[in-house]
Amino acid sequence: MKVYLDNSATTAVDKEVLDAMLPYFCEIYGNPSSLHAFGRNAQKAVDEARAKIASILGAKASEIYFTSGATESNNWALKGAIRASKNAKKHMITSAIEHPAIMDTCHELEKEGVEVTYIKVNHEGIVNPEDIRAAIREDTVLISIMTANNEMGAIQPIAEIGKIARDEGILFHTDAVQAIESQPINVDNMNIDMLSLSAHKFHGPKGIGILYIRSGVRLDKLIHGGHQERRQRAGTTNTPLIVGMAKALEICARDRDRNNRHMSELRDYFIDRVLNEVPYSYLNGGREKRLPNNVNMSFGFIEGESILMTLDLKGIAVSSGSACSSGSLEPSHVILALGVREELAHSSIRFSLGRDTTKEEIDYTIETLKETVDRLRGMSPLFNVEKGTGSYV
Amino acid sequence: MYNDKVLDIFANPKNVGEIKDADGVGTVGNASCGDIMQVYLKIDREKGIITDAKFKTFGCAAAIASSSVATEMVKGKTIEEALKIRNADVVETLEGLPPQKIHCSVLAEEAIAEAIKDYQKKVSGK
Amino acid sequence: MKVYLDNSATTAVDKEVLDAMLPYFCEIYGNPSSLHAFGRNAQKAVDEARAKIASILGAKASEIYFTSGATESNNWALKGAIRASKNAKKHMITSAIEHPAIMDTCHELEKEGVEVTYIKVNHEGIVNPEDIRAAIREDTVLISIMTANNEMGAIQPIAEIGKIARDEGILFHTDAVQAIESQPINVDNMNIDMLSLSAHKFHGPKGIGILYIRSGVRLDKLIHGGHQERRQRAGTTNTPLIVGMAKALEICARDRDRNNRHMSELRDYFIDRVLNEVPYSYLNGGREKRLPNNVNMSFGFIEGESILMTLDLKGIAVSSGSACSSGSLEPSHVILALGVREELAHSSIRFSLGRDTTKEEIDYTIETLKETVDRLRGMSPLFNVEKGTGSYV
Amino acid sequence: MYNDKVLDIFANPKNVGEIKDADGVGTVGNASCGDIMQVYLKIDREKGIITDAKFKTFGCAAAIASSSVATEMVKGKTIEEALKIRNADVVETLEGLPPQKIHCSVLAEEAIAEAIKDYQKKVSGK
């Protein structure tokens, strides 16, 4: 059996999405910037896609900018806003649990002299909006808080944070990459000034994303060149992928409620059974305000990557917050931010469900997980198999 | 990331377990870094030959595969020969490890050395 | 009849390329960074693509970095090299005929205090390597000269320039976007340190490109985040497009000689007939050292965009160097750099042939062009139809 | 970029040509900027009514379409009425122009005004 439980890493392109893209590779291939009919036909498709995406987000078409993905969107939003600011000193606020595309960009900005406040989260992984309010300074240019976390699925109080930012006249960006599939977003109601998306996280193609930029917000450009995207993002307009992204977003908005019900049911069943049936298993993050597709658990006395690789031997794809998976020395900064001790952070596994995940797949995964945990505890110097107990020395 | 050899050894590691009456035990690494490797050696005191080796490891696939390879390598070797085993030898047997996983092979080298040290301490009467 | 003569703007994706990509959308969709089999299978495809591309360019696989296209590659090369330099003062050399992705990036760098020398070209559009040698200063960090021009197809003496740069210990970047289809490139023989490509210019997909970076060359990152691309370019690895690009490059290298013969024959036939049959028509750029697919001509007393739009009415797709096509006030800086007067720069049309262009299409284009020129001269206040002569007042 | 209306008028412009014995001729723009628009008017001096209008234009599709629309608009109008035509009226008839093309409609407004000025100069004896 093949079970893909790594939908937060990337998703399969939807067949409908692929079909929508296909004509734009070999037939309607013109450059949308060209004036002739080949170009105009492509431009028309791009315009329609932009309008569709805008309407789903409650934005104007002219506020949607296409990028190569959320990493670029996040880079552009943060660097663009900070560098466009005329403040002598510059400060920004983000959370301690952001994706590397935000974190690493913040570290780069710090090198450039920007001060960054990283707001802590509670043990459920949630940012307290009051902590953000308290962190605001005279020279705060930007607040960037993700809509939902990619590792343990905590959904953040974005509307409240947006309100605070608006009241204080500070730009508010949110990385909505993981949230968009399950959480309806309206940029006006939520006072969002900038928002990043990547199509491949919601069954669209890889290599295309958006940055929503509220009209009136000025960002320095990240990528200079031709006049595409209202002169704000240069590079030949990517008709097929843009069409694909719009179709994927349309499907995701259309089926959101049904998919959410389906996934959250499976998620709860999964968590309940594992907590019951696997000793020394722990849920990372809270059960409320959790993405319907996210299960993140730690399994005491064994290491995450070896759990991942053992599940892989049985055809099950998951990811892990262990340092060993990422090639870094520290385990996931997100799991640590929950207050989980390092040993258990090294033991964390993310099971990210998809809209097509079945109960059968989940049952198979639970049974395989139990075997896996037993196998690895049998190898672990920290676990006493006879007694069925373990301890970190 | 991993080659097939590593995956294969990880899937079917040899020498997993403890030796209750081991002549030398070496433990390296720590849980908060994500790796603990424990090597047990049975040594023929007369001949100075390693007759059996087992391991218990908390760690990633590379750590487990390295443990398997290293314990397999030392069996039948004299102590002197075993001490000459370098992490590069482990990597070679594994047909390569990703750069960030090389440290797992180093841990294996060190665990063997620690186990031998433990044995030597015991023998020299401590 | 539909005739696509805008292959320098973008090309149709090759059917073989599309077929190569297809499995990676809905089947082998895993994230190449993931450790499980879904990820490893994708990673394998990426590795193979990288190796294939590297071998075609005479590079090592570890020197090939995937980007969202040449615009990003050019931005990264220039900003990355300049910002990584520890020089107190920084100078770079480029040409007066670069693509906006270089030009606009240079203007941005100028704002940051970098001095840029723009080397002029002769009336055939060629940079003199000695001019580059003469422009080198103590603080010169980088030379960036395109391999061939996108508007009038002039092929630059890249190997000579590379030699000069190497002798002087200065980094050398080349934008090879337009050249790669017809010009074999070997980064070692040509002393190239960095090279930009975009797949959609050689029948690959839009939204993927490469930056070749010679090992040992250190660039600042443009896009921060995850650890992809040897930690130099963050963002989820785009398996299908990477596979497509490699296939497209393979086909282009394989069929290069045959396609070059075919296109240059048609090009010469086209130029000869038009010069003979259309009064007041002028070739922009020289006939030697010209890309086999490029025809760029000016037609006196009528404006380029209206030529383009009239040809479009007859199904023929071309582009124009007129200000009117680009929405800027000045006509093409490239055509002006040839010493062409402004009036004629406004009248320039680029016909960029493709490997599938037929003689029949060219004949139809020439006939239609003649009608078009007549029609527009009939409307032009600068042309006297009875006498068949014109003048710029 | 262009809407269908603009493309259609560009494909089939009205009033192309010169009026040999025009009562007023206006020329605006210049070749090095890529636009020259020349408008010819035939005017009934008694009634002050524009009876015919033609144009010759060196320029883009928007310039040609604007010329067609503007010359069409002024026919049958009094001079006063013609002078009230604004570029926005031209844009409206074209059902919109891209922002960077608005200047073409301005040229058309100006060419009409210049042609009328030319007529008025002639009439006022000069």
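The chains carry the letters A, B, C and D, assigned in the order they are written, with residues numbered from 1 in each.
Keep this in mind: a residue touches a chain if its C-beta (ideal position, glycine included) is under 8 Å from a C-beta of that chain, and two chains touch if they have at least 3 such contacts.
These numbers come from a predicted model, not from an experiment.
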*Centroid distance [mean C-alpha coordinates] between chain D and chain A, Å*: 56
*Rounded to the nearest whole Å, what is the centre-to-centre distance of chain C and chain D, using the mean of the C-alpha atoms as each centre?*
40
*If you look at chain A, which of its residues touch at least two other chains?*
35, 305, 309, 325, 327
*asked:* Can you list every residue of chain B that touches 2 or more other chains, as numbers and ranges?
replied: 2
*Draw the chains as points, connect those that touch, then say whether the picture is a line, ring, star, complete or other.*
other
_Chain pairs in mutual contact under the definition given at the outset_ = A-B, A-C, A-D, B-C, C-D
_Help me check something: in the complex, which residues belonging to chain C touch chain D?_
301-303, 305-306, 309, 313, 322-325, 327-329, 331, 341-343, 346, 378-382, 392-393
*Quick one: which bits of chain B touch chain C in the complex? Just the residue numbers, please.*
1-2
*Residues of chain C touching chain B in the complex*: 35, 40, 43
*Of all residues in chain B, which touch chain A in the complex?*
2, 7, 10-11, 13, 16, 27, 31-38, 55-64, 98-101
*Sort out for me which residues of chain A touch chain C in the complex.*
4, 6, 9-15, 18, 25-27, 29-31, 33-39, 67-72, 74-75, 99-102, 104-105, 107-108, 198, 200, 205-208, 221-227, 234-241, 305, 308-309, 311-312, 315-320, 325-327
